[in-house]
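What follows are several structures.
Two complexes, one shared chain (chain A), two partners (chain B, chain C).
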Partner chain A sequence: MAKLLDKQRYKCALGAMQTVQAITRAIPVLHSGPGCAQKLSDTTGSSGYFSPNIFPCTSINEKDVVFGGVKKLETTIENALKVIDADLYVVLTGCIPEIVGDDTGEVVSRFENAEKPVIYASTAGFKGNNYIGHEQVIDAIIDQYLEKSEEREKGLVNIWADVPYQDLFWLGNIRELEKLISEIGLTPNTIFGYNRGINQINKIPKAEFNLLVSPWVSLSNMKKMEKKLGIPYLHYPTLPIGAFETSKFLREVGKFAGIDQEKVENVINDHENYYYYLIERYADLFLENRVINKQFSVVADAQYALGITKFLANDLGLVPAKQFVVDDTPKQYREAISEEFKKLNYGLEAEAVFETDSYKIHEQIKEHDYHGYPLILGSYYEKELTESLKGNYLNIAWPVQDKVVLDDFYAGYTGGIRLIEDIYTVAVQRFN
Partner chain B sequence: MSYKIAVASSDGQQIDETFGSAKRFIIYEVTDGIYKRLEERNFREEETDNNGVSAADGCNSSVSCKNEGGCAGGTGGGCGGAGKASAKAELVSDCRCIVCKKIGFHIQKQLERKAISAFDVACPVEEALEKISHYFTRIDNHESLRVQK
Partner chain C sequence: MAINLESSNVATRENRIGSITGYIGSLSDLASQSECGTLKGCSRCFSQSSTCLSGCALGQLSAIRDVAIIHHGPAGCSVASAGAYYLDKVMAKKRGVTNDTVYVGTDMNEKDTIFGSTESLRKIILEVNKRYSPKAIFVTSSCATGIIGEDIDSVVDEVRDEIDVPVVAVHCEGFKSRIWATGFDIADHAVLSSIVQPPKEKRNTINFKNFYESARPEIMEMFREFDLEPVFLYCNSTVEELSHISESLATTCICGTLGNYLGNALEEKYGVPYVRSINQCGITGFETWLREIGKVTGRSEKIEKYIEEQRAIYLPQIEEIKKELKGLRAVIGMGPGYTFEVSRVLNELGIEVVWALAWHYDKKYENGDVPPSMKYLLDNDIDFEASVADQQNFEVMNILHKYQPDLYLSRHPGSTVWAIKNGTPAVYVADEYMIFGYKHTLEFARTILDATRNRSFEQNLAKRVKLPYTNWWYEQNVDKFLEGGSASKRMEA
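Our next item is the complex of A and B:
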């Protein structure tokens, strides 16, 4: 029977156009119906040199369904190369051309000798959501653009994290991860955001290893790079938020990279000293048990559900209720992620629920006894619900309506402090 | 269930006429996915003139505009052109789609309002009819257009 999905929290695979957009001077060329880019674009920082309103698009219609749209695709790519000054052209296919069987790969192969690289990713909506689409785009870069390098740059590390734009804090998070990695003496290389583009992509094959900070997104990309480019990878499933996880993260990366332990410990020490100085100053606020909620739930993609659960339990000593993972995590990753939720300090364990239907999530939140009013960190969909439960609410996951984030972040030591600020700003408003 | 397809072809073999230049349409009838030639419909310029709408007297004469309905409705695009095109659209108004080499934007919109699809392709008539009848058959039977690779 057909199912109706209430308030979904991701987009179709073509949403990966935002992944392309996050690479400076890379442009998506859409082989899709008119309006797809419009529907998929957010107003959250997606304007600029290229924006969804000017993405070249074949705007296929009924005629192309009947007679095929390959001719239109060819002229669209041809003219995009002529009129748009970009470094990388990524053709993305929507549902319609995939259904009617347009051979996009063949058309794109005709541009093999074009002045600029043209690659393509099959991002039909029925193949998955934009988390999968993001992987497809990175796969396309690996398969169709990158070549294995014999040369290796000492200490160079490619960092991969969650999906740009889908993750509100993508830019700040990845910059903070870069900063932490360079502090322990490594050279980070990332491809998203300001000043990161084709040059950084070209450097990927020279890296000593790939560092993936995500529960599951891009894991398949890491495996692909290991096979094709011979780059080993370190998979760190938890986005490090706050002192406990970030120190653990740095130790693990340091060990993997073979960095002198003392050097890593010194970096950790400096950060922790400052972190706990701040915590200590506000200890009276944190210890005042009327201020903050006893139990919390996170309703977000695997990255934030896991990262924030660990942070709130390990660093702030809150008790986790059910945690909801809403990114339609592929089944093969679920068990490992559920296990991660059980690795909390103080013998605590959290139950992870993989659910995409907001109605069911909301019902479970309503049923649960939070021993007082709940703390809900989720998308905008949880606002009304939390209000009805008289709880505290913070918007941390897509869709985001009541928060503007330019380059704020929750990753690292500083990110943990930012999250504390955000949560307690909400909490103290209750009394003032 | 049957429906009609109007084809703009000068020789009956190739789709070689634009909607605007076509003097006649060959009408095919498709029944249960099988098409056969039904008739030819010729378009006579004077028909439009008799209706009183032409570039010369169209807009100046309020009567003729009202008769036509196009100008008064404010559809724009020039009275003469729109009037002529409307008459031509009228000629194929019982068809499900029309196939021609090229078609203008405005007339395509007019056809859309009558729920007539326009396919602008340059290929043999046979090929177009095969593809279109295949498409409509799938649509009508609620079958997927998905190509099994």
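Our next item is the complex of A and C:
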């Protein structure tokens, strides 16, 4: 049911065009109104090989609403194949064709024998937000493109994480997860970012297992792959940030993959030594600055709300106030995620509030006693609020205006250090 | 035109003033065909994504201070609220005021498309009013609500009794028009029908329709010399200010596409003269505009004196830099409110326009005349190859590839990068005051010189990237996918 979406923090399902955009040489072909792509795009690394200006689009007009846009869709796909040099064409439907009943699947099926693969995903804006749209695109790849493989490549692991572009740090995070997985002797396979495209998609069926690092996004994709492609999966719900969680993550992945424990411990040890070399040298800054207090709130999607809460509690010894999960997490996942928020050191438990109405979030932040200046990690909407509370604010979630990220990341040991750098870069700008 | 402020609907530019989005030929052909009424726009059987009119409409309205926008539709439609929030905050801060405008969505889902959601919408409007006490509330539709026939007019009528500020239905279905500038008209219509009051007294003010008021301080200073006070619209406008714009001495605008509806409507309804000259870009543009202001407000003498003083300062400097710009060839791609104005300035600076693209073309302005910028070019025998293409990047790239100009000038997000990937230096004429008056014309000329002198960035990038189009496309004529219409077909590009 329609609801008051005050200071919105997600897009609609068609926002999944950014998921396609993150796959090198894959192009979204939009069956939508003329301006959807421009609206749904941000200038956060969007002018790559394909940008929204390049995306073919049927640009539905009033006539198509009345008579249907099927013919226009056909010529758009047909000519996109001629004009645009891509490896994969993903037709995405917007609201209009789905309401007026255009049979997009049928039109796409006419291109079964095209030189390049053409698939489609149902991403009408009213079907859900861009987290759901992201899942729809991956589903489309599984359903319409991938085939089960009898052959398995030893140690090959597909890694899946949160939503490209919606997640400011998607590129750096996934590269860092790949790096960590390689260090314990596995071979990572991912489909997003530099040099990751159709070849990596083709390798998916040969993997020994899927590794999902996300509280809920893509869990349904993992199940689909398990069923269709026979690939088991390991679901690790917390984005590992900092030493505590990353070591735990490596142990769990190592165990699942049957890797020699000593090998994993050696990798962990090397990382922790360097990590604590840095922390030791900066511990005085953490302890003796006058503006970072113990209590904090994160206002972000489930991934960052959970990942950062665990990091700040388990690595830096802070104490979570309420944590706000703003991605409209489907109801069936909420309980498990809430439980994760309760698994903190020393029996600490964080209260996770699933809320999409930012007015209510801001009211709760204003009401809470942070025992001093609040530390708020959130989207741009929290800037003015935190300033009014004289707190410290870091922009880590969409919408982002206070930070430019090319390939920075918060995942892993190094990511934890980066997050500390960002928090204390804010802190050192004031004295008290 | 007859403006009907009783209806909440505005006819599209296509229907109202015969605007088109597809044409390839030359400027003189385009103009003569529009003058004799034979011009018919082409459609494309292949197109790329462009812009939604709701972005233009609500971008305008959400810039007004302390109002509420309620965008009834799925979350993607209201996604512009994030950018609007940022802009409102930083623009208000720059001006030293506060802006508590809220822009919310209704996150419409599949059930709503089947059963409707007018009751939820009604509650949302009341809740937004309770939370923020806005000075006006704009309730807007989307493609989805438009198609399912959600009756937002009735909802708005119902809640009016419970809310003591203007509540307005704004019809912004994106499929309605391929000309996103229709969105500007929709915003103007909403302001005119709900906020603007009939005049009670005349004021010394001039309505100045613009986008982001970057030149506000200097224009205020200049107008002070003429004993005039500009009222900038709508960025940082208050509802109170807007209620008085019918009392101004005149209306002017920085961009004909932007200000056309408001200017004509204020003239028609309240007798506020609309200054219809070429715009303020370049020397001739600036002087023509100033003289028109002088004529309309009875300040010609002061204005002639100002022109004389400023000429003495800037003209020698502009003449000097022209020597260095000589021989440059440019391609230009902008909205029609700028393409034909900037073409004039380039000609003034001695830069050859080899091709001009306008994202749409208004055959006639609301008063039935050919746009003044166009008329000026024709009267002065300035002609070049021209096309109308609503941000169709593949057409731009085809043209850049064939002509390899020294310079590409554009005004829309995401457009310049494609020129530099082609190895062509690009100047982003985003700020509407970038070529305003003598001073900025000089700065503009210097920027062009800097951009064409150091081509390192574009050369570095162009060497390393592959363009997204097939060789096949580069071998085609640019009009390959145009159908119907009256484009003068070009056999060779």
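Here is the rule we go by: the second predicted complex is superposed on the first by the 426 of 432 C-alpha atoms of A that agree within 3 Å, B and C clash if a C-alpha of one lies under 4 Å from a C-alpha of the other, contacts with A are read in each partner's own complex, and residues count from 1 in each chain.
Following the convention adopted for this analysis, a contact is a pair of C-beta atoms (placed from the backbone, for glycine too) under 8 Å apart; a residue touches a chain by one contact, two chains touch by 3 or more.
Please read all numbers here as calculations on a predicted model, not as lab measurements.
In this superposed model built on chain A, chain B and chain C take up the same space, so to speak, and clash.
Once the two complexes are laid over each other on the shared chain, residue contacts for A:12 go to chain C alone; chain B is not touched. Legend: residue contacts after superposition of the two complexes on their common chain; A:131 is shown touching neither chain B nor chain C.
By the touch criterion stated above, A:80 is placed in contact with chain C alone, chain B being left untouched. Once the two structures are superposed, chain B and chain C can be ranked by residues of chain A touched, with C on top. Legend: residue contacts after superposition of the two complexes on their common chain; A:101 is shown touching chain B, with no touch to chain C.
Of the two partner chains, neither chain B nor chain C is touched by A:341. Judged by the touch definition given at the top, the superposed model places A:62 against both chain B and chain C.
Only one of the stretches 9-17, 189-197 or 207-215 in chain C has C-alpha atoms clashing with chain B after the fit on chain A, and that stretch is 9-17. Note: residues 62, 65, 99-100 of chain A belong to the chain B contact set and to the chain C contact set alike, using the contact criterion stated above. Within the complex formed with chain A, the chain B residues making contact are 117-121, 123, 128, 131-132, 135, 144-147, 149. Within the complex formed with chain A, the chain C residues making contact are 45-55, 72-83, 85-86, 89, 102, 104-113, 117, 120-121, 124, 127-128, 131, 142-144, 147-148, 174-178, 180, 390-391, 393-394, 413-415, 417-418, 465-466, 468-470, 472-473, 481. Residues of chain A that touch chain C in their complex: 1-8, 10-15, 27, 30, 32-41, 43, 46-47, 49-62, 64-65, 72, 75-76, 79-80, 82-86, 94-96, 99-100, 124-130, 328, 356, 359, 380-381, 383-384, 398-399, 401. Residue ranges of chain A in contact with chain B, taken from their complex: 62-63, 65-67, 99-101.
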